[in-house]
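Paired with subunit B in one complex and with subunit C in the other, subunit A is shared by the two complexes that follow.
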Partner chain A sequence: MAEQQQISLSILKKRWLKFKTLKRGYYSFILLVILYGLSWFLPLLINNRALVVSYEGELSFPIVSGYHAGTEFGQDVPGEAIYRELKQSWKQGGSDNWLIMPLYPYSPYEDITVQGNKMYDPPSRTHWLGTDNTGRDVFSRLCYAFNISISFALVLTTLNYILGVLIGGSMGYLGGKFDLFFQRIIEIWSSLPMLFVIIIISSIIRPSFFLLIFIYTIVNWIGMTYLMRAEFYREKSKDYVAAALSMGQTNFKVMFKHILPNALVPIITYFPFSIIGGISALVGLDYLGFGMPPPTPSWGQLLEVGLQNISKAWMVFAPVGALFVTLLMVMFIAEAVREAFDPKVYSRLR
Partner chain B sequence: MSNNTLVDVKNLSVHFPVHGGVFSKRVATVKAVDGISFSIDRKQIVGMVGESGCGKTTVGRAMINILRHVSPDVEIGGNIEYHFDNSIVDFAQLSAGEMRKYRSRVQMIFQDPYASLNPRMTVAQIISEPLQLHTKMNNSEQSDRVAWLLDKVGLQPEQARRFPHEFSGGQRQRIGIARALATNPDLIICDEPVSALDVSIQAQVINLMMDLQDEFNVSYLFIAHDLSVVEHISDKIAVMYLGDMAEYGNAQDVYHHPRHPYSKALLSAVPLPDPSRKNRERIVLRGDVPTPLNKPSGCAFRTRCPIAEASCSKSKPIFEEHAPGHLVACPIVK
Partner chain C sequence: MTTYFIRRILLMVPTFLGSTILIFIILQMAPGGPLERTIQQLQAGAMQQGEAVGSVGDIMSGGSSVLPESAMRELKRFYGFDKPVYQRYLIWLGIWPREIKHREVEFNPGETELNKNIGRGQYMTLRLEGESVVVLDEKGEVSKIWKAAIDKEGSKENQILTTLFQTEFSGILTGNLGTSYTYDQPVTEVMAPRFKVSIFFGLTGMLLTYLVCIPLGIRKALNHGSAFDFLSSVTIFIAYSIPGWALGGVLLVLLGGGSYWDIFPLGGFRSPTDIWETMTFLEQVKDQLWHAILPIIAWSIGSFAGLTVLMKNSLLENISQDYIRTAFAKGLQEKRVVWVHAIRNSVIPIASGIGGIIGVVIAGSYLIEKVFNIDGFGKMGFQAILDRDYPITLGFLVIVVVIRLVANILSDIALATVDPRIRFR
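Showing the complex of A and B:
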């Protein structure tokens, strides 16, 4: 009877438990999720504006309120206050004023126009990964670019999946003329040289995050339709679908309540690869200069600058290393997902 | 036709066009069902037998109108008239939307209990789905009903939270039966419900189905190819051959006094667990079943019929009454 009370596990839950036992993939997943979560709080962690400033008894929060001229805090600089120097001078002068800086006090956007920044500054205790050709801090840019890269890949993959599942699923489920029509459209569409199309579009319009997502989505949704069409086509002839229809379920419900959960395997196993594709695509476009508009921190742009100054090793190794580690972690996840979904326990690829 | 009739199938034909060539021209037609007529009374069990590919399953699926879903260009002719609450509803004429409100009245039990239950849904979700669609029960009423149904089909209500893959074939078929009974239908189409089960389990499931038929006052169209099973459960038996009805009548008449040569051959092939009758005469049919793409002219059975005459190829035999309530499609044996 004890066995009777045991809670039954759905197939997906079992696979999740299996995934948790695959340490390499599971810890990569945890680490990546934590890092990505943290990366949303980067302005609080890596920034050149102070979190809190107490000047002559008055508190202000430059991180929220934004621009404060240096003169407001008694600093003799043109334009915005330089909080790092402010902190140092207050500390040395033993003044009652104090301020709290973020953990890493350099913003990804501050270049040599800010006093004290140098071009091509090699890695040091202040600039962990040195500075680039305009004096911007490489580590800070790397971290911000991480957030943008992962966000780009996630949004892109999600949109591709929504479109791919909707269109591919309808093709497989409805069949007939709808299927035929979209197959021809996909054939024509997929034969366009998409990289050139993207380059042409982004050389006409100044691309932004969402424009790039949009351009890549109209190109990349096709990949998912092949898989979903096949899955839905196979599943729709099974008896549980006939059972659902014979009890009067609507086509929409049959597709998304009955068939989709049974067609999840390609969606989930393909997901990490799609993320890898998304990250690499953005890096590639940025490298070629057709990606995000210039001041935006991005790995591709760092790489491009690094290759122009190949003798300054930190500018090459930093983006390459970041890209390598991120893609490797996603790959570990992909490998673990594949194994978690594999019904054969022993068939691990070594 | 009595007042007690539940469904009257008149001249039902189901044709699947075959397309080929560069322009997808129609090159042939698979006549899966080619003009059959029969009726099912309330609380009656009609057994339908025939070889593989003779159109039994197609008849069943046409009667719950789900053929169009897999093959949108199927051509359904004739009438499938259901007598619900003093009104006649012809399923062959209804659109998918109009069908929906009658879906609860006719349900189906499928052949393969491994494919007919959605592997991603728990038993409770599977059985309560028709309740959600056709009743206004709230969640607790639904789970009460699910528990009650599970008890009726001989499963434990605690098993409702499990997934189909945790059950044996016989148990899964019981879940399928519970799902079919959930909305108190008038007719359940049983598409070879026991063919995929072990013989010992078959008996249990068939006895369960007969008990439930009494209790729920439901009619069955029992499709099978095992004649002894059909004889055990049915009030009437319909014998099909290559999309045509060969014989239709009371179970005892058809089983013990078959008239159509095909029924005779079929019955002589039923294994009897009786050694004293081991030398009984067996009619062995020669050749294979012709393809429904290109049926023989006249009587479809004439190519394999032991008593065929030249006239058999001339015209399709009339399906007529040879004895009261016993219809046979063979002019030779009359």
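Showing the complex of A and C:
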């Protein structure tokens, strides 16, 4: 055993071990990963369609098969079956039919106003966080918006990184006219107020999820590009690059196989902050009405409704709370990652 | 050093041109611009017969949903869409003559000379000479003020349409930002009061953050690892994890009298003018503060976290340096070492951040202005986009761009002032 410990660990492994010792960040990371993983199965957990229906001996799975008219299950309603009522009536009637509902039986798009006026229902046992201006369940919308927010930030950050490494890396590595040209473009780009440019573009074309990401990427690639440029510029002059070049490696290989792994520290430590930026930007845009097209569930849209009706406190607290907890977790991760990758030991004499 | 800054200032010019060209093209190419919007409005107005549509309404042939050609021409000319994009941009800049005081003159077949009343009993003579039109004044000389051109789109087969106009150079370079479509006022007049509002919040917020963050950061660094450090770090984490405007919303719900306590007003910059003017000076100060506290908290919270951490880390880093060890070794007192030697080097990164904050002061606050319903600069720009009010949108962006460019240079100057080691070349 003692011999095994002698083997020196790779630097990444050391960092990972260090990260694991930083409990606050490590547990936030695990929790966030689990929550995000779960959020992909939200239709199974939070939905108004039954998972399984057994009607007169026949099984059906509305959650997969989609639309079922109420009359199919002997329910006298126009349009789609209302499974919650179906369940209740079957239970009360003591019939052999049964169905299994998701844990929280309300969909984020479902207008509950059709069953009595449920607009602006304050939080209760049935609607944990109340309902919004069109009678949709706030808790359910909040959860779906979590998935969308994180996905948005992740895709956005990934795209930014790809662009940043490609352009910034080439700028730093190649230098010369290419560098000068892009420097001017970056200078022009960064003098513009970016959120404003997005609003201008969004007010012209109604963006979808990917269009919004695309728009955001074209205005947001600068930060990463600049970081990568500096990193590649510094690494380029190191001996290992000269060695690789003298052995006849191509520029492409030197850039991505040799320099890139050495430029990983800023890439990884910057990641959580980029996620925070993405999430906050989406909330802001949604609040202004230039984010995801309605009726996509989003924190910003909930907040917008809440701030218009200031007496409906849960409409403000719920989205801000969700945003706050999410960002706080990412912040904890960010702090731990930085500590693990770029440890600073401050010594004091007195 | 001076040459460096002169070069920087000169480099502002191409950057400024580049960014304005970019914005201009995005805006001008966009569908659903002011022209389309007005046409739609006019058509909608024409549908509802009997309702007043505004001054342009009477040009329209009553009831029909298609605008007559002359009205279209006039609209295009009003919004400047009768020129190619590059000309529009140059006119907007003020280095291409802008055509003003338009009058349409139609030549019937065979006619080559016409008199046109230009008001105050004065007449101009227009003479067709092949492909061009010459304007003669009453003395029969070629007019220096009035010019004319053939409108090829408006001309029919045998009728030649010409426009008589004056030209002037007026654009952003001459300080003319145009006239707002929605407010019907010069853009600068629309901007001035709103700009003051934003400056008020920006400067107060900035001053407060600096006054709080620098001492707090120093204290945190000197007591690194203490209970005080931990507790204030918690606050900083919270502040960093909640966008200022969202915090503003929560504060409004809590303290604005909606659901809980009714301590602060729901929004606005100050009390409405008619009440404001009846107040004594002291009451005015009180009223202003009463309205400003929540927005300023919301405004400062964002930079609060970043600045404190920056100050703390910077001081911590300096304190572990060799020159501090030397200072201690030669027997200096701790107070002197920290306050004279360490602090001076620690404020360097903060000084360089000054420019960035100035930029944010102006443009970054429209979310807060929207939450608190403050009629500020950012909200004006935002509303202008919604209303397709291009003169205001462009004016807003120009001012933001200029402020940012100047702020960048200011950052460098600040950096060079606090850090004599820095030599810009």
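Assume the second predicted complex is superposed on the first by the 330 of 350 C-alpha atoms of A that agree within 3 Å, B and C clash if a C-alpha of one lies under 4 Å from a C-alpha of the other, contacts with A are read in each partner's own complex, and residues count from 1 in each chain.
The definition used in the following text is that a residue touches a chain if its C-beta (ideal position, glycine included) is under 8 Å from a C-beta of that chain, and two chains touch if they have at least 3 such contacts.
Keep in mind it's a predicted model, so treat the numbers as computed, not measured.
> With the two structures overlaid on subunit A, would subunit B and subunit C clash, or do they fit side by side?
Subunit B and subunit C fit side by side in the superposed model.
> Tell me which partner touches more residues of subunit A in the superposed arrangement, subunit B or subunit C.
When the residues of subunit A touched by each partner are counted, C comes out ahead.
> Is A:R184 touching the first partner subunit B, the second partner subunit C, both, or neither of them?
A:R184 contacts subunit C only, not subunit B.
> Which of the two partners, first being subunit B and second being subunit C, lies in contact with A:N262: first, second, both, or neither?
In the superposed model, A:N262 contacts subunit B only, not subunit C.
> With the two complexes superposed on chain A, say which partner A:E58 touches: subunit B (first), subunit C (second), both, or neither.
It touches nothing on subunit B or subunit C.
> For A:G176, using the defined touch cut-off, is the partner it touches subunit B, subunit C, both, or neither? Pick first, second, both or neither.
In the superposition, A:G176 touches subunit B alone.
> Of the two partner chains, subunit B (first) and subunit C (second), which one does A:G248 touch, if any: first, second, both, or neither?
After superposing on A, A:G248 lies in contact with subunit B but is clear of subunit C.
> Have a look at where A:D76 lands relative to subunit B and subunit C in the superposition and call it first, second, both or neither.
A:D76: touches no partner chain.
> For the superposed model, what is the least distance in angstrom between any CA atom of subunit B and any CA atom of subunit C?
9
> Under the contact rule defined above, give the subunit A residues that sit at the interface with subunit B and also at the interface with subunit C.
Residues common to the subunit A contacts of subunit C and of subunit B do not exist here, since the sets are disjoint.
> Quick one: in the complex, what on subunit A touches subunit B?
My answer: residues 4-5, 7-12, 175-176, 236-250, 258, 261-262.
> Which residues of subunit B touch subunit A in the complex?
These residues of subunit B touch subunit A: 61, 64, 66, 69-70, 72-73, 99-101, 103-104, 106-108, 110-112, 115-122, 129-130, 133-134, 156, 158-159, 161-163, 165-166, 176, 179, 183.
> Would you pull the subunit C residues touching subunit A in the complex into a rising list?
Its residues touching subunit A are 14-16, 18-19, 22-23, 26-27, 30-32, 224, 237-238, 240-243, 245-247, 249-250, 252-253, 256-260, 266, 313, 316-317, 319-320, 324-325, 328, 334, 363-364, 367, 370-371, 381-382, 385-386, 393, 397, 400-401, 404-405.
> Give the list of subunit A residues in touch with subunit C in this complex.
184, 187-189, 191-193, 195-197, 199-201, 203-204, 276, 280, 283-284, 287-288, 303, 306-307, 310-313, 316-317, 320, 323-324, 327-328, 330-332, 344-350
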